[in-house]
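Both complexes shown next keep chain A, but they swap its partner, so chain B is in the first and chain C is in the second.
This part shows the complex of A and B:
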């Protein structure tokens, strides 16, 4: 017995062992990439090393713009744009408040959507990022030297500024198209009389080639459809701009049903060069308007608001040959032009097909007058005459397409939660990859330019569910990084993002990093309340206003003892950071101030206000850990009763500041 | 003839001093990936790696009570004149063609060089030892005496968290080469005159 059973047990034991460690593995699609392709190595950026790309990802309903590194997915900075940011004092300091002024007054929040990087010769040049605010229509320009918002311009006659803020290939214009059709100009009228009475404003903002300053060159009064997304042409088509439309039904209620009745909506093709020449030659009609134009001055370190009172309006009927409609499958979202400029991809988000138009066929059709009637006088080009082809059953809910330099397109599918790679010329699907979950837009650095950078693709998802550790009902927003250098897309990394990551723009790091500002030169500071040395610091009373011209340097304020302030005063702390060293900001906050702290970069002057309500001796201190003596960087303000006669005095080390040798 | 050219070229090499740094002190620390540095020119101190370096050296050093690097020092007035006179003399000696004068020029230059370095040492000593008694941080040597922060005269030295380097820059090398040429001129000139006599 023994002799028989022993080998039997031995064999059984060995086979169990084999089964447990080397048995057949089940390949779980979508999740295997990280191990099989050595993805960790591809996204690992060693301590102290730099990422190869910047990704500027919209903060969505946070109103801001976030800056990430690729391939690591690390968050570097959140640039405040349309929303207040107490961490940086943006929208709280006296200097930055005007950035958030609109014709509706001060608005502390915005909904940021589509960042786009300025271009030169059809390639992203890394000078500025433009981004649109959807809710109260605005376009912002962010400097990629300071990574700060330098300009915000409000868009009149527009509502839901969504088909924005795309830049032409030499940064001649940035566009701002309305999502909602609204009365143009606004007026009191019944909602159900919308059809034929509302309009869709498409605004073209001219960009100053040197400083980037924007102004509304003209506004096209289009039919009252909804304009969803847009893209400029490239190369041969570079004089044209393409806008997707939905609700060509012009429904005003229960839109999800009533605006989804037409089998096809349109892509509006607009020859912006022609319109630009038309207005340059005196065309268009100047109409009354009221919109805020906020500009930041980097020397004065403050923003100013100018209320603009008129806008040049262009009627499409007045410029024959500049406006056409291209029938496009149902309620298209993305409107994307490939790097060659020949193919215009409309992602019909409610259709089972994607429409690809041909620019050369479009020109031919215009020449041949291959039109199927018109909409409000704008010719509708015959579908067959303009269509290059359709991509059938590529997935469900196509939203947005970007491109590589090898003739491939990458489209997101919201409903089927996937990214699909397909060849534009032969309309064949090459690869598809699941995303987690419900992907909106995607981004390939330079993927909407003539010269895409073929390494990475970032998919931005609307839903994350179980992908991260749960954090209550609201879980993080997320993006996913793919390597697209090979035939198959390879999922490398999930990383969380701020707000809703609507859209993004990416660029090779070397185009930006060396010109990133390190500090502001104190010598160039023209702020009217700057104290450029401790000797210039002072405290001045003007009625019940007290202006403190204060300086900060490691590791003290000057002055740091102030007396003579009274209850009921309005105290302005105008604080200048005297440092001229990289990465040495100082902060300041005063007990009981009804505002945020200030975080002041070297060489800059910033102001906050404090209205003391209680008698006493109240401290202020540096809020940013600046140095070994950071904890000692503090001071006192004595607050006397309202009827006190105590004169203003201010000291540092019990002397008027600046008596000692200056740095 | 050759010796005259050597002497004149040697003297003219000193012109570099008017537009190139003579000496450099660099301070390295982990939080300064681009080190702080000071270039010493004949008439001014310049930030070596950034225009604000000197201001930032002052800011660092005030923690231990060191004085601010002055905007100007008397040497910035006298040194350009002294160097100018020496260049003039060198060229003149070259034209006169008396090889013994070349040696005189070389010795004069050597003496001035030594004096210059001694002057530099005195300033460094004062800079590193004459500390504000109210200094925020006061360090002591193991023997209980106050720690000094004198940068090295020549070479590299660890001072608290900084590694200090003190080395000549391009104008000093030109000065050295000029002196070497003058010395060569002396030997070549002596040979030339010997040959003349033999003829």
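This part shows the complex of A and C:
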């Protein structure tokens, strides 16, 4: 009876409870914003329909770059960049391991930060996206045809690669600035002698206009401040690059106090065109260095690492007229230039006001020599002479600003958790909207170019607390999508992100989607271990190395029976996907292999290694569901004792693969 | 087509009646073996009337609606042979059933248009063409689209013609 009564009682109790709160519905403040109006319609992308925009959102401490659709907030792909990704075999396959080589050896993880899309004539062009790694300074270039990382270059003399990886308006350069001042070059010295003895390297990587390949054209040896964020000028200011600085105090310890003493730090204004011309004419000094340059070859389907041994160093004192400091309110983070190129917005994260500089005033001040002394020889422009104005009490903790095409700026406020829309010319606040919670960066597609796309704004939040179903102590970080086409910002959607969404780059889908690669042509495959037909498949022993030239197609491997492998061998599976159709990858994994699976795109050859430790007959199989006969896509390797004399044999259907009658 | 279906149904009936009709379950090794042999017999007979060997000279569905054939062009045959080796042999052999059907004599059983449409447009063929549908049922493995051009498919056709 108890068993009957208990549920009955429970149901009754629940009914009471429901009745008690079933009257007028109460809305939790802050959660209801998107319910008003037709927000759901605005983000609804019907099944089979495509989103209108791509958003490339930094994976932060995941080390990767995620690809989302806007307005739906659907995650399409995580592109592995600085961290190993066992799902795709990135950093595990023999071909991709060199992508993660550095001067410190192989590093399986990175901290990705600020994606930026290549530009042509000041507009995002959708060819490549660049992203920086903060911890072991590196810049990566990702192809927007293959959505794969094609190049990673390490930045020497740098540490905390944070004021990176921003692209000039014709993709002449991508910059990499150091956040942590360090000895340049590195040397053994007392930490407390930092002041005046450390430097901040600002590196300019030249981009090959056709293929996108990067090389460090020059490195500027700046004073030992922390260079936090950067942006290129555009239009009239397009020859200039602007970097925010903090810790101009050059404190070396208890930084949260000691780096926050000065009421103003600087924005460094650098005429990169002048420096570029200077080095093109033989300026600068070549210095010894050691840094990895990793390049992916799309025909050979593999990466190679070259250790570069020198770098061209430029001393600012040698190029008068190319370097200035603009005083900017306290410890600025974002350094953002509006689409016209006239306004330079410094988001002083510890200040009550935001500083807006005028580019035309800057030129005039330089002409008039309106300087207030210098820092390590670099002229400091008088604040009044360069400032366009300040935005007073806009919010707490301004971090980053982007722009629409109608003269408005949108700034994130970390401490007060809001996005504020304001007019640049009259410095008036138009609208403010709470975000949930602690917003870092925001992104408007094209919002850091000459031609912003005015439809959407994505705010990227560090903290979500109660916004999603809880998942233990660690909860997701998130993005929030706003419609900014009207006077008021309208919150449309929350969606979770991977890692930490430091920053993002957005672009209209039509600039990318039609050129997205569908497969790799088998005939262009130059991988040295490719088997381009089953007749080319084979197994070759070289000492204790066994090389399997294997093919895969729906739904079998060739060969699929291999004998003569011995305990103690190192077996290389070089596997070629013979498919030439869209969206037919195959996978492969081998029992006991101390590595990840491989996921192999049509026409590609990829390699994993297996060192069998036990005698037996061991299966391998396809890990990516490929057809109705996927479950049958499997094979066996016979492993004999180390002293066995069994010769290598390999078959498919009990014949040598491709043993077709003579044609 | 009807003939085939009826044949399969007929033999299947024999098989099910003989081993399952009286609700007996084969348990001993010999009984299992006997059942397996029966199944194999049935399968062999079914194979004989399988769709692969039936003639269908319709043109199929796809970009090729009409093609004029002349004398065999030896240069094209050689080109076709190489394309065939690189793109087809993972699933087809000339003289025996492999993942897909054997291909010797294919130009007697199928029209040139059908062959090229099956190479160039396999997805739509297995959806709309009765013979292609039946082939998919029989082989389970879908014909892979290797994204060949019409010229490449034409060369493969010439290679097939040379072997007829």
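For this structure, a couple of remarks:
What we mean here is this: the second predicted complex is superposed on the first by the 626 of 663 C-alpha atoms of A that agree within 3 Å, B and C clash if a C-alpha of one lies under 4 Å from a C-alpha of the other, contacts with A are read in each partner's own complex, and residues count from 1 in each chain.
By definition in this document, a residue touches a chain if its C-beta (ideal position, glycine included) is under 8 Å from a C-beta of that chain, and two chains touch if they have at least 3 such contacts.
Predicted model only: the values in this text are computed from it and were never measured.
Look at chain A after the overlay: chain B and chain C clash there.
In the superposed model, A:554 makes contact with both chain B and chain C.
Of the two partner chains placed by superposition, A:304 touches none, neither chain B nor chain C. Contacts of A:658 after superposition on the shared chain: chain C is touched, whereas chain B is not.
Contact comparison for chain A: of chain B and chain C, C touches the greater number of residues.
In the overlay built on the shared chain, the residue A:533 is in contact with chain C alone; chain B does not reach it.
Using the contact criterion defined above for the overlaid structures, shared-chain residue A:629 touches chain B and also reaches chain C. Once both structures are laid onto chain A, the chain B stretch out of 7-15, 43-51, 97-105 or 187-195 that overlaps chain C is 43-51. Across the superposed pair, chain B and chain C both touch chain A at residues 519, 553-554, 579-581, 628-629, 661, 663. Across the complex, chain B is touched by residues 519, 553-554, 579-582, 628-629, 661, 663 of chain A. Against chain C, the residues of chain A that register as touching in their complex are 519, 522-523, 532-535, 551, 553-556, 558, 578-581, 584, 627-629, 653, 658, 660-661, 663. The residues of chain B lying in touch with chain A in their complex are 34, 52, 55-56, 58-59, 63, 68, 136.
Interface residues of chain C facing chain A in the complex, by the touch rule stated above, are 81, 84-87, 89-91, 93-95, 98-99, 140-142, 144-148.
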